[in-house]
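Have a look at these structures, which come just after this line.
Next come two complexes built around chain A: one with chain B, the other with chain C.
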Partner chain A sequence: MKRVFNTLSILGLAVLGVALVLFLQNWMSGTVALPGQFFTFTTIFLGIFIEAAPFLLLGTLASGLVEVFFRKEAIQRIMPRNRFVGALAGGLLGFVFPVCECGVVPLTRRLFRKGMAPAMGVAFLLASPVLNPIVILSTFAAYGWGLVLWLRIGLSLAIAVSTGLIFAVEEQPERLLRPRSLSLAPIRGASLDLAVPVYPGSLGSRVRRALSIAGEEFFEMGRYLIIGSMLAAALQAVVPQGALLALGSGPLLSVLVMMLLAVLLSICSTVDAFVSLAFVGTFTTGSILSFLVFGPMVDIKNILLYMQVFRRRTVLYMVIVPALMVILATVFINLNLGI
Partner chain B sequence: MSTWRRLDTVVAAVALALLAALAVVLWRGDRVSVRIVRTAPAAGAEAAATAPVVIEFGQRMNTASVEDSFSIEPAVDGQFVWNANTLYFMPSQPWRVGQGYTVTLAAGAQGQLAHELLQDVSFSFEVRPAGVAFLRLAHSGYTLWAAPDLQTEPVQFSPDDGVFDFAVASDGEGLIFSVINEQSGVDLWTVSREGGDAHILLECGVDRCFAPSERAGRIAYTRVLAPMTPAEPYGPPRVWLLDLASGATVRLHADSQKIGFGPSWSPDGQRLAYFDGGNGRLVVLDMLTGEEIYIPTLAGVVGSWSPDSQYMLFFDTLLIEGKPLNQVYRANFSTHDVLPFFDPQPTDADYSGPVISPNGEWVALKVRDLDDLSSEQLWILPPDGAFAMVAVEESGYLYSRYQWRSDSQALLYHRFQLGSADSDPSLWLWERSSGASHLLARDANQPLWLP
Partner chain C sequence: MSERTHKQLQAIILIGLGAFLFYKILSGTLYFYINARFTWLVVLGGVILLALAFFAWPRSGQAHTHSHDEDAHEHAHSHSAWPLLVLCVPLALGFLVPARPLDSSALDTRGLTTNALASFGSQAAVQLDQPSDQRNVLDWVRAFNFAADPVIYEGEAADVVGFVYQDQRLPEGQFLVGRFAVSCCAADAFAVGMIVQSGEASRWQANQWVHVSGTVQVSYLDGVPMPLILAESIKEVDIPPQPYLFP
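Let's look at the complex of A and B:
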């Protein structure tokens, strides 16, 4: 807990620092009123948080239901033994659990606790924000049944499965995860004997328990969502989007700019396709794809949520490996496909 | 926990492999090339003397890079105008009729985002002689007629009557005309140079859209909004723009208080002039910078652009001893000054309607004796007004809509007789070489060259 609060303190101080810089900047220009960026910050913060919170709630609900209704050995029985099949299944699990990038984190944590293999869990974590019916439909609504939709699906699946397979080399999953993720207390007074039904009792009492777990987990993860949203909002208030976009020419730079934008904007994957429409014609198809594929995998609030499940080094790898894969794939598209 | 594990090794190896693959992809460079959507004039086809060279790209381009890669053989001067992904090259002077030209865009022209042109693109065209288009009075209004060249008989181009006015597209491949519709509004129509495929370009419903002027894929036109109720009068005219590629139409000025009519593009497509009747002035708007230049005049018509778009000749109506008198002026857009065309200003005659020749070496204008308002003369003189010669003079006739042929060697004009029930409005061509005029068409009005 100490380390968590240290991290939170550092992040909180960072946000306060940004606010202070904004205030001083305004004060030096002779105005004592709250700077305009502050209002931009609050608007963006509320926008990101309000958009993401329902999906986090959905994820924690799924997590609670998994905890109460699924036994570890039952889940382990249906887990694929083959690593590749496991990673592929993880990549497609979003069709069973249609959660976006906020909701997938608590659910994955719960599934890890129930014995899910790292390859499958990482693939699920990275792919499900795109490979779920809601996001596919929203991308279809924005782009139609065109190459953008299919490339988004294909690249997201390929990158998530490949990254998952890389993590499959780690034979000891606990070396990827924070100890707390594996020893996560399900609920006060519950049995930890996973060989028996986890929560015996009537259906009503089990649902109540699931909701209770979901509530606790929502408030636990919600703190990080708030901090992540504040950080994303602060960065957007300080770094003008126009300045960033002005840099975005060239096959490589345009991809890097759009990936950075995706990280800063921290938009939910259910709506990011509509946001990206604004860049069509100004940016290449490859760079727009980098926004649509990388954004759901990695953004500021995601990184904070990942850090509650994985060790820091694992999180670092989960950012670097997909980033390099997205850059390679989308630069290749920019330079080799006439789309 | 900080020991080097198998996962670290694998991640490092994968990262290195990805970076190496990225380096290879970047080293191989662009394998796609910039896509060229269309070029005009069509390769091997005949083109209008006024046609711009058009190259439409599949993406936003680095304009400087494209302009550096652009060449024409034989070489001609001109201006580049960009409209989104499309480049327009406007020759400073019309192409020479009968001459062949080859346009080349060299490999290396860069897109703004990712690609570049991998191979030279080249196309050739030959310049055709001009025809003529005009309006002819039918049962209940005018019809549009045209002859694609002066050797063929004119034929009717508009499906029906009710034509209000028309313009010729700058590439000469089509005509844009306004037609009164069933709601008493006026729509914009288009028809090909050969007279086929007449269709509505812009449905205006109960509004009235007319006086089109096209340049670089954009049509500027006058639009008068219909009143809310039939009892109210029509509103003031405003200038609107219609983008031919997208079909989108918007008011030129967001400020609805800015009114005007009769828009006219400069030859380079960079400026748009119109008459602001509310303030009694011409407005010349720089489309790139948004700068507006105001030229006071009561004449109500836009003047004639110089071929380089740097100045305009126009006329203003003065009151001399209580009588109206037209005088010609030169508005210079570089120095922002307006000076009399003649120095000193003569007050013995009425001078109006100056028209500058395409090569910029001649001006045609209309002169009327103050003592005999029923007759006019067409004068030809150099732009400095140093001397003048009478080109056309017939007692009892008035002239209008005169305009130079692309080679600046002939003048098309409209002639009609004042005060005659059988005035027989007709089209004539005056040629500099012979100094004589000959009849082109009878019962014809509002003529325009059809290049």
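Let's look at the complex of A and C:
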């Protein structure tokens, strides 16, 4: 079945490739005019890819280095026993590993394989795109030491930790993860039941091993980054933003619109604060916050990357639970803080 | 395909992606996609890609070191071709499609931003000190946002570069000269513009890059004050090396 699917997908992509080349030839010779949207799509897609690829590469490098240099037992020894403390520590781990939303996925999976508890891992995954020095600085640059900055930090941490705690009922990470993401290559005989030995050998051979793991992971995650950026770019090239923004200014509707926008735009958390400035004034403060808190946790490219690591059901919880909490918190802010 | 071929293809694609990043930097089209302050990041990405390619290339005697432990399912997966093909998409689009910065078509879907810039703080204040004919489109729109009454800018000299956008809302004899402002990459671009009034406004086609100079007046678009240039000269120019403005 798998084989048939693979053959079909290769055939399909080959046909698409030939069609693309023919189309481009015709276009160059002036027989077909490409619509402007196609160029918009290409420019936005390549923009996201060029910007995100280095971050994904850094994430896979971090993952490779963790794999070869950190002993599983050593990591487990420093993991907090208490679930709440663990989730909180996971939420703050972004200060130690300042990876953003693309790089955090391979790194989290690696840490799961090294025995990190589910609550801590999920909290790390959701919080670190906001709770790291770079993103806090850029939010500060855009908003100053104001309410928006503190609420963004506070809400992101609270929501990531509580979502993580929901997963604390699972003792074993393998119930949350796709089986493949625990057993898949990069390391020989890897399984959670075995004490995974640190890759033996000299420093040079370990670094080589780390780089080769990073390369494998870049291929594995890179395709989801690419598909996600293509979706986001296609939507941006076709859907008028004005229509979306015209939908809502009420306390609830404005929040929903901005969350939807965050998911569609799929922009990096390091700059989303600047982007959101464009909506200050026309949109409620709560909705701006929902954009700043929800966007880094969930967007099109993230969802595709999550699906690569977690089971479908886990991904569903990881999207819906933060979404509901963000809605509750920001609508509350809209209604009660009156700003 | 065999483990070895697969590894070789991976290495070739990694080299291709690294080459693609350096090609964009060297051909000067990188700034069609991202904000210039992230150039170092792209250089870093390119270096990492080439390093990964170097270590991904299978060496003799190493090809099968870790495939024995994997079960059949994994084995089939790690050799399927579609992940490799997906990674070729940016290569195909990057090398085959002529590079073009965002233009009127993107402005149609994104809309014109007229109130964007109220809170960029000290940075913006500095830029308002510039002589009026050194302000770019974004500076002008900002100046109009900051001013209690933009009438204070009437009669100042303006000298800006941007692309032509034929806005349906404008009367005969006027068009917009637009620019996109990009903080990170093209995905976060927002459009700003100034109205240009000229006897030969209809001569200019959408997406042509023009250099407009003239004097400024206050005009209104959908009730929002907008800077208008009474054009004394409009010249066609090449796409500037940095087509986007960086807020």
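The rule we apply is simple: the second predicted complex is superposed on the first by the 293 of 339 C-alpha atoms of A that agree within 3 Å, B and C clash if a C-alpha of one lies under 4 Å from a C-alpha of the other, contacts with A are read in each partner's own complex, and residues count from 1 in each chain.
Criterion: contacts are C-beta pairs under 8 Å (C-beta built on N, C-alpha and C of every residue); 3 or more make two chains touch, one makes a residue touch a chain.
Predicted model only: the values in this text are computed from it and were never measured.
When both complexes are superposed on chain A, chain B and chain C end up clashing with one another. With both complexes superposed, C is the one of chain B and chain C in contact with more chain A residues.
Of the two partner chains placed by the overlay, chain B and chain C both lie in contact with A:T282. By the touch criterion stated above, A:I320 is placed in contact with chain B alone, chain C being left untouched.
By the touch criterion stated above, A:Y306 is placed in contact with neither chain B nor chain C.
Of the two partner chains placed by superposition, only chain B is touched by A:F332; chain C is not. With both structures placed on the common chain, the touch criterion links A:F97 to neither chain B nor chain C.
Of the two partner chains placed by superposition, only chain B is touched by A:R175; chain C is not. With both structures placed on the common chain, the touch criterion links A:F167 to chain B but leaves chain C unconnected.
In the superposition on chain A, contact of A:F124 is made with neither chain B nor chain C. When both complexes are overlaid on chain A, the residue A:F294 reaches neither chain B nor chain C.
Within the three-chain overlay, chain C meets chain B in a clash at only one of the listed stretches 150-158, 168-176, 186-194 or 204-212, and that stretch is 150-158. Residue overlap on chain A between its contacts with chain B in one complex and with chain C in the other: 281-282. Contact residues on chain A toward chain C in their complex (touch as defined above): 2-3, 6, 9-10, 13, 17, 20-21, 24, 35-40, 42-51, 53-55, 57-58, 61, 141-144, 180, 183-189, 208, 211-212, 214-216, 218-220, 222-223, 226-227, 230, 232-233, 236-242, 245, 265-268, 270-272, 274-275, 277-278, 280-282.
Contact residues of chain C toward chain A in the complex are 10-11, 13-14, 17, 21, 24, 30, 32-34, 38, 41-42, 44-45, 48-49, 51-53, 55-56, 65-66, 69-71, 73-74, 76-78, 80-87, 89-90, 92-94, 96-97, 99-106, 108-111, 113, 115-121, 183-188, 190, 207, 247. Those residues of chain B that touch chain A in the complex are listed here as 1, 5-8, 10-11, 14-15, 18-19, 21-22, 25-26, 28-33, 35, 58-60, 112-115. Of all residues in chain A, only 166-167, 169-171, 175-176, 249-252, 254, 281-284, 286-287, 311, 313, 317, 320-321, 324-325, 327-328, 331-332, 334-338 touch chain B in the complex they form.
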